[in-house]
Amino acid sequence: MKKKTRPERKRRRNIGSVPGTMTYTGVRPQEETRIELIDYDRDRCTHKLFDRVDEVLSFCKGPGTSWVNVSGLQNVKAIETLGRQLNWHPLVLEGIVDIYQRPKVDEFEDYLFVVFKMLYYQDEKLIIEHLSLVMGQGYVITFQEEPQHDVFGDLRKRITENRGRVRSEKSDYLLFVLLDAVVDHYFLVAETLGDKLEDIEDQLFEDSAKQDLSKDILVLKKEILRMKRSVFPVREIVSRIEKTNSVLIGSQVKNFYRDLYDHAIQVVEYIEMYREMTMSLMEMYMSTISNRMNNVMRVLTVIATIFIPLTFIVGVYGMNFDHMPELHGKYNYFVLLGLMLLIFIGMLIYFRRKKWL
Amino acid sequence: MKKKTRPERKRRRNIGSVPGTMTYTGVRPQEETRIELIDYDRDRCTHKLFDRVDEVLSFCKGPGTSWVNVSGLQNVKAIETLGRQLNWHPLVLEGIVDIYQRPKVDEFEDYLFVVFKMLYYQDEKLIIEHLSLVMGQGYVITFQEEPQHDVFGDLRKRITENRGRVRSEKSDYLLFVLLDAVVDHYFLVAETLGDKLEDIEDQLFEDSAKQDLSKDILVLKKEILRMKRSVFPVREIVSRIEKTNSVLIGSQVKNFYRDLYDHAIQVVEYIEMYREMTMSLMEMYMSTISNRMNNVMRVLTVIATIFIPLTFIVGVYGMNFDHMPELHGKYNYFVLLGLMLLIFIGMLIYFRRKKWL
Amino acid sequence: MKKKTRPERKRRRNIGSVPGTMTYTGVRPQEETRIELIDYDRDRCTHKLFDRVDEVLSFCKGPGTSWVNVSGLQNVKAIETLGRQLNWHPLVLEGIVDIYQRPKVDEFEDYLFVVFKMLYYQDEKLIIEHLSLVMGQGYVITFQEEPQHDVFGDLRKRITENRGRVRSEKSDYLLFVLLDAVVDHYFLVAETLGDKLEDIEDQLFEDSAKQDLSKDILVLKKEILRMKRSVFPVREIVSRIEKTNSVLIGSQVKNFYRDLYDHAIQVVEYIEMYREMTMSLMEMYMSTISNRMNNVMRVLTVIATIFIPLTFIVGVYGMNFDHMPELHGKYNYFVLLGLMLLIFIGMLIYFRRKKWL
Amino acid sequence: MKKKTRPERKRRRNIGSVPGTMTYTGVRPQEETRIELIDYDRDRCTHKLFDRVDEVLSFCKGPGTSWVNVSGLQNVKAIETLGRQLNWHPLVLEGIVDIYQRPKVDEFEDYLFVVFKMLYYQDEKLIIEHLSLVMGQGYVITFQEEPQHDVFGDLRKRITENRGRVRSEKSDYLLFVLLDAVVDHYFLVAETLGDKLEDIEDQLFEDSAKQDLSKDILVLKKEILRMKRSVFPVREIVSRIEKTNSVLIGSQVKNFYRDLYDHAIQVVEYIEMYREMTMSLMEMYMSTISNRMNNVMRVLTVIATIFIPLTFIVGVYGMNFDHMPELHGKYNYFVLLGLMLLIFIGMLIYFRRKKWL
Amino acid sequence: MKKKTRPERKRRRNIGSVPGTMTYTGVRPQEETRIELIDYDRDRCTHKLFDRVDEVLSFCKGPGTSWVNVSGLQNVKAIETLGRQLNWHPLVLEGIVDIYQRPKVDEFEDYLFVVFKMLYYQDEKLIIEHLSLVMGQGYVITFQEEPQHDVFGDLRKRITENRGRVRSEKSDYLLFVLLDAVVDHYFLVAETLGDKLEDIEDQLFEDSAKQDLSKDILVLKKEILRMKRSVFPVREIVSRIEKTNSVLIGSQVKNFYRDLYDHAIQVVEYIEMYREMTMSLMEMYMSTISNRMNNVMRVLTVIATIFIPLTFIVGVYGMNFDHMPELHGKYNYFVLLGLMLLIFIGMLIYFRRKKWL
């Protein structure tokens, strides 16, 4: 099984290809690309599914704000068509389908290109999904790897049910709420990691049951490191959007980005704290192992220290010398038994004083 | 019990809600929101309790300086009313009731919004209480989670009894003394942590009694990390207030903020020092365990090394061979006993030379 | 064998020589210097091998873009001839043949000098090959240590087969695709390191087989450190090319350099993550050793604790006292056997409760 | 005794007091405040002791340069009087008597306020004494906690005996020589710490004698951390004095401050090196403990491995079976003894090969 | 011996002396100060030794470039004379003879003062020698502690034999080649440290021979730390010379300083890598110790676990009960021997399965 995953992984990254080439580098199976459109202004809201990419173009260019959500990156052609019609840079198109693309923001004259990573737990595993957002005048188009899971469920309802101010705002605010939803889920993941940390901690203090916690700690550490890699660049990205002088981001909305920046810093702080905690846990686990070994050794030492000398004594009187005067007294056997009892008790007292018992 | 705390924690943060939504994210039980007003100028001072928020508004807008202290964040409506009337930004209102809000300062045209964390020990536990301060021309309004505890006891007395210069100054100085009181309590908490560190250190050197100190060290480390997260942003906040060019902060008062900045750095230094000390303690604890194990092993080895060969010797003369000439001499038994005594003494001398005894 | 590598290594660096002296500091055996030329524009492409350096000069100065790839640095004379004719600074010439030269970029008025390190695995060993690139108007000349291996195979095909946009672009884009090919191979190496890390991790969890993994971890760590030293400066170099105001780099091409910068950061992140992982692996390995020792000790303790007291008991009844009443009852022997069985079972129960069995 | 120090410590810091309040926060017993004046110019020098603060004021304002050294901070009133007459800011006065004040420099229009920490060893203990310096036109006034010890002995002589250039310079140079004397003593303390480090190192390599060095290492580490906290801010302070554009510091004298800055960096480097060394020492101590345990275990294992099988063999021939043919041969006993000797020798050879003996 | 070095060390640094005082702070014995002059221009070269300092002054001020090399700092007077005549600042003179002076560069109007540390190995010990360079128009004067060793041997030959371009350049290039020679020797030292690291590593993997490698690792670490302290400031110094706008450094020569800067960074990278490697080695050494202990324990456990139960069994049949039916069967003894053989073989199989054998 191991052998199978490795070569696969190597195939994914498109090394040696022409820069700007669009190749889907993920491993998700081929699925229909699903296109979802929410087109709204203050007074109305349309929520539709489409099969073909060019059908949504008229909405993007029309009045009102359009959120187009494209799920499934395998259909590279469709995305390319869309990009060409909206006049995007080839590297933007490559970044949309290259799941190894690092989170970043690129400003172009009439659109912003943002790459984020969506994080969520699915079947107890941390999933990192590649998410690209292109914001232009009047539209935000998001690209995600698969349609089953995303972090925008609440947001869809808020728009269609006209809760909050999103319906009264433009596409710059829409971009903010989308990014905000992603960052909000970082907190959920961070909390799950925090719970796992506490579980391990509880098991450490229980001091029995499971033998080897180092594996759990290592697995947790790897999840924290993976999360760190996805989340750390977010601070700088949000800060750059906040400080941009692109006309695409209204000055009113920048307050919200400042708030988002704050949240991004907070997630980073959590991750740093968790990293430090895993290190402490590992140390504590080491000390727990040593403590247990100490206890085992103490038992062995107490038993051996008491009985080895006694066994020597009884060995002495098991010798077959012709002349051993002690053997012949009537009560000598009982005297010896009493003596050994005294030694035994003396040892017990000694060990209790040394706090070994 | 564990199962109960976890889901609770997850419920607290308001993920998926509209940005700018006011939701109290803390866990304190529903209580009456208490409004306390201290309105003063150089010559007079009014100290009153109110039930409704709008009753204090006239004081805020009136002459003199007003300190309004709102305890209890559950009553979101009341806070919203207040905020609307003073024309605050929705994100300010959200930040006041969101106890997960990181410490920060936001400058607006006619008011400053500061978020701090109050730290104090209650029933041996480190409590972190969310504190928001809004300073405008002629007023400072503080919001805290609960009325029972705060760190402003001394300050109330100083104002009502007209000690210090606070009565002769404006709201910018009032903001300073409020923040100063919070930072002063950081020192108290830091000192408690320092005492705990020394307690653990003393126990390490006592080398008996309690078996497992790693738990205490871990718990302490978690408190230090929690404190760090609350205190670290304070440096930057105070520095930004000091360097602001907002008209709200008079240049005279900035000297005091500079002093406060100094204190903030000092707390941070304490925390860093304590973190380093916990690491050293953990190392020392590990070496203590190893040392103890060493002692246990030495006892075992001494006993075993002395008696196992002797037991072998007496075993030899316990064999039942027909022809064992040594068994028949009259004094052979005593000769053997003497020989074994010599071996015994020789071993003792050897071990004493090796410093094992 | 050890003795042989050390003095060799010392001889390599040319200490004490005149600065600007061209000395090949590598250890590869003397080989023919091979000169490869690809001269192209949008419509045509020439791919030739040459023996003498001056034959390619006319192409460099001619129309179209020329990529001259010089393999083999032992022939210092030839490189010097080339450099003189193109009017390069002596330190550039020294840097081309000094394989200890750190990665860097130097801007001159009419050419750019870039030093990179090519990384690839060959026979399971990480090879770091010195690569210098000089870009002028209309040409890029690359110098590498040996002709057998490089990372430009795909690129050659792309140019000759006219895939991608390289044929329609100038030498600034050619420099980019060359550097891009090198950085792409960093990912391959990083993935190999990642696989090795996982292999070690798997072996750690298997908990048997190979005894000493610390050597593997140390070897891996050394490869990571070597890679780090080659790759870290790349970030700054690419960033400086992107921000240069030299006329040699067109503003159109800078977008691609920005993308390359992103990749460079990503490799650095991988390396940092791997470094942290090796540390965790070492810790885990230590805890694994301790755990194993614990298991060994537990077996010893269980066996000794059960049988040492029993052996004492049977020793008692092996003594030869004249008066030992217990010896004479008819069933006493069986009573004693039963008693010892009870002790034995009692001990088993005790150890099972302690989770030692 | 522990119980006594803790509450005391808590009382010292003046939490809750009005900012700008002058309270001596140290623990030194009440003593007479001693005022020492050295008033000099190129041609004359007066060295006197005074009881009252106002007596020195005329010297400060007079011609020549005055160094006033006030020892003993308990007499807050006197210091306040002095400060008022020289028109100092209340926070300066608070800083002079608050021994928790961090090292800093504050520039005012007509005076500079510098806080340093004097470090010296007294009775084998590291003493940190609070030192404040106020430099104005024509005077430097220093405040220290106690008169018995300071670091200015050499300096006094240099002034009164007119060695060096101090008599020909102004108060800016006097401030420099005072700070220089303090920093010089940092080196003395650093060297003492270095000696202690080497002592511990020597003890580690002696491998006998004292059992537990971890306590010594921890104590040393705490001294290093305390010193670090006092010394680290000095770099920035000196650098700020050097770069000030206050008219109080002449441009000629700035060269000297640059030199002092160099020294400050050097002390910091020492401290960092010592910190790293303590960590290495702790690691080495751990490895020493493990090595010792290894030796103990080896002895145990050798003895047990040799004699346990032999004891089994003699046990076999101690059994009382009716039919044990080996028991009856005439030389069987000697054959067995020889066999056991062979086993014994074989074991010895085996262990010597394994380097256990 | 220890007692002797400590007080000595304390005496060296001239604490309490007047700033600007020239005191030789090293420990080398009094020797003749040797003055060596190489005066050259493109066409001629004079190489002479002098006894008195003032004899070289005419060369310095004359045409051509003069390199004056003063070996031996004990003769403070001579150096002072030289400095006075060339009008140097007192702190420059102090810095020349104070071997505790940190590496630095000070720019004056008509000369540059550079302090470096020469590093070389002598009798297996790392020697750090204080080196000062003063460069003025037409001359460079170097001061080193002793005449026997320096790092300029190659350079002398290059000048006298007119190799390289040094003869055609001015004093700014001479300063460069001098510093370059020093930095080149840093690489030699770094390589020696690298060899030592590898030696320790090889010994670790040999797993026998020398018992305690922690001492070697600690000694190596101390050398690395000492080297670090000497080498780290070099980067900044060279960078400041490169960026200076002093007329003393020609713009042509700055390219060479840029190259030197590169080398300085490279040495620093080596040192950082070695530091990290020593840490890894220490960890590996710890794991090696633990592994060895594990092996020792396994042997003990296997022997004890096999023979302790068997010894119990033979003990049973050594008891003297009157009624022990098993003793009387004819073949019971052999049955028991067989049984014990089975137990023995069973144990062996069990341990082999557990990979303990």
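Order of writing sets the chain letters: A, B, C, D and E. Residues in each chain are counted from 1.
Keep this in mind: a contact is a pair of C-beta atoms (placed from the backbone, for glycine too) under 8 Å apart; a residue touches a chain by one contact, two chains touch by 3 or more.
No experiment lies behind these values; they were computed from the predicted model shown.
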item: Number of hops, chain B to chain C, where each hop joins two touching chains; value: 2
item: Chain C and chain E, separation of their C-alpha mean positions in angstrom; value: 26
item: Chain B and chain E, separation of their C-alpha mean positions in angstrom; value: 42
item: Junction residues of chain C, two or more chains touched; value: 286, 290, 293, 297, 300, 304, 308, 311, 315, 318-320, 324
item: Complete ring sequence of chains beginning with chain A, oriented so that chain B follows; value: A, B, D, E, C
item: Touch list for chain C against partner chain E, complex; value: 2, 6, 9-10, 13, 15-21, 89, 91, 100-102, 104, 106, 208-209, 211-212, 214-215, 217-218, 221-222, 225, 229, 282, 285-286, 289-290, 292-293, 296-297, 299-300, 303-304, 307-308, 310-311, 314-315, 317-320, 324, 327-333, 336-337
item: Of chain A, residues touching chain B in the complex; value: 153-155, 158, 163-166, 176-177, 180-181, 184-185, 187-188, 191, 195, 198, 201-202, 205, 255-256, 258-259, 262, 265-266, 269, 273, 276-277, 280-281, 283-284, 286-288, 290-291, 293-294, 297-298, 300-301, 304-305, 308-309, 311-312, 315-316, 318-324, 355-356
